[in-house]
Amino acid sequence: MKIAFIGLGNMGSCMARNLLRAKHDVTVWNRTPAKAEELRADNAKVAKSVTEAVREAEITVTMLADDHAVAAAVLGPGGIAENLPPSGTHVSMSTISVELAMRLAVEHGRRGQQYISAPVFGRPEAAAAAKLFIVVAGDSTAIEQAKPVFDAIGQGTFVIGPKPEMANVVKLTGNFLISSVIESLGEAIALARKYEIDPHRYVDFLTNAMFAAPVYKTYGGIIADERYQPAGFKMRLGLKDVRLILAAAEAVDAPMPIASLIRDNLLTAVGRGMEALDWSATAKLAAENAGLK
Amino acid sequence: MKIAFIGLGNMGSCMARNLLRAKHDVTVWNRTPAKAEELRADNAKVAKSVTEAVREAEITVTMLADDHAVAAAVLGPGGIAENLPPSGTHVSMSTISVELAMRLAVEHGRRGQQYISAPVFGRPEAAAAAKLFIVVAGDSTAIEQAKPVFDAIGQGTFVIGPKPEMANVVKLTGNFLISSVIESLGEAIALARKYEIDPHRYVDFLTNAMFAAPVYKTYGGIIADERYQPAGFKMRLGLKDVRLILAAAEAVDAPMPIASLIRDNLLTAVGRGMEALDWSATAKLAAENAGLK
Amino acid sequence: MKIAFIGLGNMGSCMARNLLRAKHDVTVWNRTPAKAEELRADNAKVAKSVTEAVREAEITVTMLADDHAVAAAVLGPGGIAENLPPSGTHVSMSTISVELAMRLAVEHGRRGQQYISAPVFGRPEAAAAAKLFIVVAGDSTAIEQAKPVFDAIGQGTFVIGPKPEMANVVKLTGNFLISSVIESLGEAIALARKYEIDPHRYVDFLTNAMFAAPVYKTYGGIIADERYQPAGFKMRLGLKDVRLILAAAEAVDAPMPIASLIRDNLLTAVGRGMEALDWSATAKLAAENAGLK
Amino acid sequence: MKIAFIGLGNMGSCMARNLLRAKHDVTVWNRTPAKAEELRADNAKVAKSVTEAVREAEITVTMLADDHAVAAAVLGPGGIAENLPPSGTHVSMSTISVELAMRLAVEHGRRGQQYISAPVFGRPEAAAAAKLFIVVAGDSTAIEQAKPVFDAIGQGTFVIGPKPEMANVVKLTGNFLISSVIESLGEAIALARKYEIDPHRYVDFLTNAMFAAPVYKTYGGIIADERYQPAGFKMRLGLKDVRLILAAAEAVDAPMPIASLIRDNLLTAVGRGMEALDWSATAKLAAENAGLK
């Protein structure tokens, strides 16, 4: 399939490479061109502009840093909205706000273009191994058309509903659920340590009993080890996501007290000098607040 | 082995029966004798008093409702502390406070008796199927001696450390972690519903991706179904446990903001008439607070 | 002095009238002209556009509903920034975001115009009686120049510092402090009622002892009376203000846990159908959460 | 009047001295006798035991540190309950739990004795100057009888209702309201400082406008000065009081989210080494959490 791939960060590069491995005809574009050039070895075509990349694509995938970058690439001059062919489909895989997803759906819609949201769960290793989980929402025909893209980069694709922003809600609430695992583990492990329980032993028990899920293993391990750097996911990114979830909730008058608490803890962690650490360092904050070294 | 089993509620009856099936010599006692009589068919001896049950037991297991019941059975007149033989071991499997566990260790210790804490995770079905998870702490020789008890009733025994109260900390923090899963799922699912996402579909995705753990399946299912009765675990019991965790934390100067928030939500749920529902009905509270019917 | 007055809502009309009473030469403008016409009787000149109102004014006062209205009036086509004479001063008295205040300072500055923030505390009655409290920040010469305006409408003018946005921070934190009085009174009075204490008696004691301040009298009275309508200040306005304070705090990485809690309570109150009530109806929420009728 | 005064700490000594100044016949008792001996110069009689002090008193006042001390003095062997004459009245002025107040009412009641709760608001300076505020609850005849006591030590006596524990609820919620002023001022002043607003100027404005109450002046001043020692009221005492209020609320199923938050902040302050500071040092915590030095 003829695919344009916009955005070659840690995640995007891996995803584009997997599309190339699946023999798709992929044209890539990245703001800093070096990242694009690297993919020539994998048979990527390299576009000089978004316009050029998108103009003849059946599917255009965006995988960019944030709302700002996506809005610029899609709605800016020379952007995707202006250049996507009428039959083309924009598949937005970035973690963006619910509000922007709604706006993109409207903007593409009034140009007769298709828009679907398809954010991904997984870290760069999972992206490299084509093991992402993909949550998709939007028009079912457009989703069907984009299926080969999802097959090439993920281990599972989950269609959540007909409105594109639904997938963004799932992505954001998913990250919220992860952050609440971190917070509650942080409090629990701090208390266990106050009672001189070995934190590794503690996590070992949990993750072999009721909490035998990847998220508890990953973050339980990090917290027990107090291994908050290198940051797999930085504080600031955590803050951005919790801001997006709170905004999505406020837009529909939904209070989210645990999300509010997490937001305040992330801000406190930044205020206490942990900005460069992994977002799970709010567990370090919990330990310090409990008087642990 | 010669075992006294004190407390035959929903959990205790199943556990005692599994000890009998494993061919142990079990004498049971229960405040309301009918529950004890039922076990005669399984070859239990029925004692008329705690004193009689305990006097010749190598191991005495208590599985009672709360601190009050345990303190009465152990420290009251004619109680376990007075009657347990010097070489005997008291295995406390109830969900009790950290403070009481510490006190029991002292009281048994000054009488030359052994005391270990061994609270269990699992619902009555798991107890019946000998599939409990058991967390044990205390003197290692005493634990070794009690091993046949654990083997007969659980699917896994996890030794957490040398001080008995450590096991109670693990039990209470475990329940706290479960309650925080409920709270965060409650907020997330309420938000998903506000965006017209089907809650079953939503839970289905989560529990097939990063959250593939029993606790998410169980409670995700309950919340998606809005099936809060019959109550598997009542509000008041949830409140009791959160009170115990907050007390254990306050005793060592550890703040637990998520536990505080859960406590306030459970109280609110009671105030709003949900006392008879399952403790996961705080998710119903989250939904109503978000303006859902 | 030659004054343009933009925005004639409940507050603005009273303020403009007081300027006229103080014999200033006032040209008014309002989006719905009827409000402007009413002031002709007080010797106001009525402008047909912002441009016309502002063009020859020494001081231009804005008193509009929100960021959106202020941004449109100042930065939109035909707006204040385009038309204010170089020596003119824009005095922004609306409750706006810190971010917008900073932006207005920049925009006026690069046109050689003066900008000061001067938000007010007080309800319409206070505005009518020229009893507002005014918090001012910005260039001291510009503030000096605007002093006759403040003298005509307030009972006290308080200069807080050299950067205009400082005054907006004071206004927003002031509203936050008021909302936290409401919240804590709400919890306290609910508890008092649970113990069958008469709420009026309770408030009477407080406000005659350590809490003898207007804010406790006003809101203590409303809560004791359960008199949440007519709304003096609506839920949605409370939500707007708490959003602005949280945004101002987030911009400088300051956590505000009490503000977060208030935000969640306001959203919950909306979710529970109290949208039309006074923002102090979060105290009604506290009462209901405690199981009171 | 014949008065027994039990408990001569910082507050009690001043209060007893004011009773002596008012020409009452006062017998004092204190656990460490030196404090009692000091009052001989003011014409106090010094008893060797609680029994001796109480036996002939019309009114017995207790002003002790906590529940434990009051329960021992009243219900212990040789205590007030055993020795108060049938027509005697016990006036409990300490800050004790609602639960203990209820228990004292029952214990005195079944001995035909009178019990009223009359906790005080004010610091030692206010006690010395006979400027305390006194909240009283209980049987109105008993209150009438005790009036000369209140007149001698306070600037105002406020009868809140017929059940003694009502006065304790008012005392505890009063302290809660004070602590919530501290918390909200802490957040607001931290934010003001982040925007480079002078904190003294800020507090000056507030306390000359809507917040012109003693509690804002006292604590606003402390926070602006960052003057957290010497501690007027220590962290641990703050923690004790918030624990009592949360217990009183939990006993009637009332959630108090702001009280919960304050409790967690006080615990955090202790965990971060502020145990010796004034309880208002949670404002220092707020500042540090916002990244201020």
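All chains are identified by letter, namely A, B, C and D, in their written order; residue positions are counted from 1 within each chain.
Methods note: contacts are C-beta pairs under 8 Å (C-beta built on N, C-alpha and C of every residue); 3 or more make two chains touch, one makes a residue touch a chain.
All values reported here derive from a predicted model rather than from experimental measurement.
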Pair with more cross-chain C-beta pairs in contact, given B-C and A-B: A-B
Maximum centroid distance from chain B, chain identifier (CA atoms): C
Centre-to-centre distance between chain C and chain A (centres being mean Cα positions), rounded to whole Å: 39
Centroid distance [mean C-alpha coordinates] between chain B and chain A, Å: 38
Chain B and chain C, separation of their C-alpha mean positions in angstrom: 53
In chain B, residues with contacts to at least two other chains: 249, 253-257, 261, 265, 267-268, 270-271, 289-291
Parts of chain A lying in touch with chain C, wherever the complex brings them together: 243, 249-250, 253-257, 260-261, 263-265, 267-268, 270-271
Footprint of chain A on chain D - complex, ascending: 267-268, 270-273, 288-292
Footprint of chain B on chain A - complex, ascending: 98, 121, 133, 135, 156, 158, 160-161, 163, 165-166, 169-170, 173-174, 176-178, 180-181, 183-185, 187-188, 190-192, 194-198, 201-202, 204-206, 208-216, 245, 248-249, 252-259, 261, 265, 289-291
